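These are the structures, in structure tokens.
Look for chain A in each of the two complexes below; its partner is chain B in the first and chain C in the second.
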Partner chain A sequence: MATDSNKSQSKKSAVQTTGHAWDGDIQEFNNPLPNWWVWAFYATIVFALIYWVFYPAWPIGRDYTKGVMNDIEYTTADGKQVKRHWNTRSLFEKNMREATLAQQKYLDQLASSSIEEIAKDEEKSNFAYSMAKVLFADNCAACHQAGGAGVIGSYPNLADDDWLWGGKFEQIKTSITGGRNGIMPSFQAKLTAAQLDDVAEFVLSLSKHETDAAKTARGKEIFTGQKGGCFYCHTKAGTGSTTSGAANLTDSVWTLANVPAADTLEAKKAAVKAVIKHGVNRKMPAWDKRLTETQIKILAFYVHQLGGGK
Partner chain B sequence: MSEVATSQPESSSAQQQRIPIYPRSVKGFYRRIKSSIVILAYSVYFLLPWLRWDRENGPSQAVIFDINARRFDIFDLTIYAQDIFWLALFLAFAALFLFFITGIAGRVFCGYFCFQTLWTDVFMHIEHWVQGERPARIRLAKSKWTAEKIFKIGLTHFLWLLVAFLTGLAFTLYWGNAPDLIVDIFTFNAPLAAGVTILFLTLTTYVMAGIAREQVCTYMCPYARFQSAMFDSDTIIVAYDSVRGEGKKGRHKPSKELIKRENRQQQGYGDCVDCGYCVQVCPTGIDIRNGLQYQCITCALCIDACDTIMDSVGYPKGLIRYSSENEAQGGKTNIFKPRTIVYGLVMVVIAVLFFWGLTTRSVVDISVRQVRQPLFVMLSNGDIQNRYDIKINNKAAKPMTLVVSLRGLQGAKLDLGRFDKVHIAAGGSSTLHVNVRMPTKEITRENQDFEFIISNLNKKDNLWIHESNFFAPKKYIKQSPQGAQ
Partner chain C sequence: MKHETIETNAGWLIALTFIVISIGGLAEIVPLYFIEDTVEEVKVAGVETIRPYTPLEVRGRDIYMREGCYLCHSQMIRPFRDEALRYGHYSLAAESKYDHPFQWGSKRTGPDLARVGKKYSNQWHVQHLLKPRSVVPESIMPNYPWLLKNKLEYKDIEARLKALKMVGVPYSVTKADYDNNVKRFGKDVAKMLDANQAETNLMNQALTNNYDGNKTSITEMDALVAYLQVLGTMVDFKKFDDGYFSTFR
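Showing the complex of A and B:
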């Protein structure tokens, strides 16, 4: 057959016909599929047959064929042995479990070291940093923004070096674990418009803004006296207190009144006045139920070094 | 094609059937060159994974492509994933070199160096060794299935498979530590990829070199098809001297009165004695006397065959020889043509770039990225702080201790956090999170360019300078109480 075809190929290179002839001379061309294609097609059929044997394939009533020699085995977090036939969900569970176990060894190291030890060790701090970065993005960045930039007027900036509730490791950890309530009463009813103006003038003078001397003196009296009583939290020097979360008014960092962004003294004053008038009621939720102790620990480490820490 | 075949359908097929080729062996100058190349190529290919090479950091194998560690070690050169553009340069060079050589000397790569040719050659040797010379092989192919035929054909295929397996095995050994990997492979502990690679290469080698052979060059290889674009009348090809070979009356068998060359010439016959040896030795089964054909891989075995015959009948050699179209028409071969000059120049440029890249490669990779969220923060004392992530890869074979400093930023302070020095293990990497602080009174512009200087504590000449940018909004500079003073 091979030699025959070669002869006809070389002599005529003719297209094959189906062999039928209608009305004596009408014929039909036949262009058969290439052999490689036909064999590849048969190979896919063979592949499918093998696949049916080794993988879940055919539905039978409410059940299905499970396939053979394809068990997926793994141990869950609570020590249960799981053995199932091949399926993508179990495969996923197994892979996740393996990844968790691979990470566990580093996590154990972090769990058994204090934040200070983590910070001192280059390798541990690198691992804690990358892990906490993800945790921060998942849990904290919704309010505090990516990189801890915060939102002025709502959520404190964690990337600066000013800490309402303290910037030591333990203080940050406490803030995350138990959450914080930032409360300042409203002075709308207590102070007149002129008095509010005076207090705002004094507050700005604390951070070395050039203010009116007479107004500042009047404001200071209210601030440090029983009339305003501001000093109870903010102290007489205006340096604030980390136990009550009272802001330090003498530095350049503002978390509520957007003083740096205001162009004129009047505008700055208006911003400060609004805060005194309406008070503050901010709340950060407690995370002890949602995060593990180690997670809180490395988050504290991360947040601490975001702002250069104390 | 438009002609309707009236013959019965079962006698013709849409595909060309392969015409079996039984190349006869030949001795000669080009055969010796080819055999030497096969021996050299096989020695390098099969033995190189076993060559040991001492490295302070990394595997002690001279050539290892370690995908897991993301590094390729080639003697004293270590290539990391980010240096992969060298591969692009190398491939560009290789392609141009191929064009260059093809322009001058035709398909020398096909004939002498292509692994398809080398492996087919070895497979043909095996065939020859087991089944004998061409007539014996033809006889065997045509004979009935006897025990002898089964044994000989079976042994041939077994040996082919063995060589194919060894080929796949040797290839796989480049991708891991050979002494460990080979034990793992034979104890079935090797990674799946190793097994699949060996299986795949065993099959492809067996099929391509044993069964498909010249069909790979004729139908599959793209290079064989686009090379015609690189040929011109100065390209050196294997050619039959038809003027000399055919004479006026054509070729003729050396019958009694036509043995002497003078007699032949008197009678008008050419020098070709029509022995057919040149056709029998051809691994692609063509007749070189029909002129240049796309199947010809210029293996030059027909030259050896013809020279042998010319010697035996006492005619001058070179009836089939390397020559160009110009030479065949009585002219001279010119190799300095615009095509080869341009290929040559581009090749030199790429080679210079490649070696310049290799010799000036840095032992560290440093990237400085300014943190953009937040772009800046104001600190409690009114200073503006920008933050930078500096990622350093140590590509050297030794651990490094680096120090970081600033240049070109008047009045700024650099805070490296807890660590004033950075220790990076050989082949390791580290990311520094550094803060740069600037009092507002020192800030003159919104964007200020400056440089990080990263230097090796142990080697003073190891110094890397990376430009970066310090940002402070104009508003803050103007309005800050300290700035206003």
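Showing the complex of A and C:
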């Protein structure tokens, strides 16, 4: 302790104290700030003064100073000249406009081309592909998954060549533009447990499953008759319809009943029965409010090439 | 006043410290209340399109805050090109003028939600809130299974709306308030903002739209999905000229 106090004593002679003495002997050195620090501090003050002149800064009543010599100038899409004082929103509008101009040549081509023309032309389809890929990831992948494989039981697979609402360019475009509402009524109240079983048996027979002949025949009667009325949407042959979004039941593609994952016929039947029993009500939102016509067009192109478009 | 007087007098020290610290806030915040351009005017054919939340949406918002959604999700699209391309038009001050408190957030662990409304179906939201990884495999969002099990508490909804009215949200209590709302927002919206009808309105909205896919009861899921589906949908930007909203800055 003695050496410590000696040290401070010797230092005291070099640096002044603040002059206070607490509790009789506690004192505080008054070290000056380093020069670089002091000058950097003054520099920030000078910077602020310059900033006040050139950028929006001081409130005056219901308005504020806009700054001088900081105009943001650009031309809008409809040829209007815009000149505004510096602000983040105009800066943003200008950035967006410049980016659009840089892509204009391609965007114009896409806007004026039909989807078929885009698909045929290599340059156009490359540009459309990379643009649509990002759009798909942001907007579509949440349901249809990154690669378009969908979620069985909820969201249709876009990467195969089976289409509920049609796989032609125009049909895909219509699906994206207005959304889709896939509806099948619930047959819980209409059919008995045995009848449900028969219909499921018949539905599985359509996709070449080995089923019980008697049950299948009874199921067919319900499916193609007024009792079930299934044929109104799915057709008598079970091939479905793209106007009502009714699934084709004759192929091995399943979007709701997870038949491929079931090992036994009983399990497959249970999966099909659950769908018939509870019905279907699934909705894809409309995108016309959120995406532009060109964006929807190239998305249709992208989805079309994901899996066998028609 | 001498330095020593302040340092040896706790009362003075507190008062003067408070004043010095307030200066920054006062200089930055107070003028915004007086500058005309702070909150944008958003009217289509003379009717305000940004409206206060309906009773069900208010409860959904309460659940959003209770579950701490704002800790990972912002509701503030900044005017940058990359944000606009991903999330949509930048957020307006007017779009959160009825939020008390606002949900701008400060950190994005998940994506911004300012314009998530109507982007996905109700069914998707329900599935995603129950098990996020069943639809977004790379997601790190927790599961919220209780939202579908918990019945929504809404007996106090009228009082909640009245409390919001006290901080300036135009829910109506008197006939005069209501008439004023009809003028501002149109009749359909004004009906939803009637605090006296809050409980009926809440039940009707939940049962008509059936957000959670369960018709028999009104759950917290109904409220939260109703809230998520309205986020960022009140302004139809196609009805305004490009650059209209930058004239407010």
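We adopt the following convention: the second predicted complex is superposed on the first by the 185 of 310 C-alpha atoms of A that agree within 3 Å, B and C clash if a C-alpha of one lies under 4 Å from a C-alpha of the other, contacts with A are read in each partner's own complex, and residues count from 1 in each chain.
What we mean here is this: a residue touches a chain if its C-beta (ideal position, glycine included) is under 8 Å from a C-beta of that chain, and two chains touch if they have at least 3 such contacts.
Since we're looking at a predicted model, the values are computed, not measured.
K.L.:
Touch test for A:Asp160: chain B only (first), chain C only (second), both, or neither?
P.N.:
A:Asp160 contacts chain B only, not chain C.
K.L.:
Figure out whether A:Ala14 sits in contact with chain B (first) or chain C (second), or with both, or with neither.
P.N.:
first
K.L.:
Is it chain B or chain C that touches the larger share of residues in chain A?
P.N.:
B
K.L.:
May I ask you to decide whether A:Lys283 touches chain B, chain C, both, or neither, giving the answer as first, second, both or neither?
P.N.:
Only chain C; A:Lys283 stays clear of chain B.
K.L.:
So in the superposed three-chain picture, is A:Ser252 touching just chain B, just chain C, both, or none of them (first/second/both/neither)?
P.N.:
Touch status of A:Ser252: first partner only.
K.L.:
Have a look at where A:Ala261 lands relative to chain B and chain C in the superposition and call it first, second, both or neither.
P.N.:
After superposition on chain A, A:Ala261 lies in contact with chain B alone.
K.L.:
After overlaying the two complexes on chain A, where does the chain B footprint on chain A coincide with the chain C footprint?
P.N.:
145
K.L.:
Can you tell me which positions in chain C touch chain A when the two form their complex?
P.N.:
Residues 4, 31, 34-36, 79-81, 84-86, 88, 90, 118-124, 127-128, 134-137, 236, 238, 242-243, 245-249 of chain C touch chain A in their complex.
K.L.:
How about chain A: which of its residues touch chain B in the complex?
P.N.:
The contact residues of chain A facing chain B are 1-2, 4-6, 8-9, 12-19, 27, 29-32, 34-35, 119-120, 122, 125-126, 129, 145-149, 157, 159-162, 207-210, 248, 251-253, 260-263, 305, 307-308.
K.L.:
State the interface residues of chain A toward chain C in the complex, per the touch definition above.
P.N.:
Where chain A meets chain C, its residues are 20, 59, 61-64, 76-77, 82, 84, 87-93, 95-96, 99, 134, 138-139, 142-143, 145, 151, 154-155, 282-285, 289-290.
K.L.:
For chain B, which residues count as touching chain A in their complex?
P.N.:
Contacts found on chain B: 1, 3-17, 19, 371-374, 377-382, 385, 387, 415, 417-419, 422-423, 430-431, 433, 435, 475-476, 479-482.
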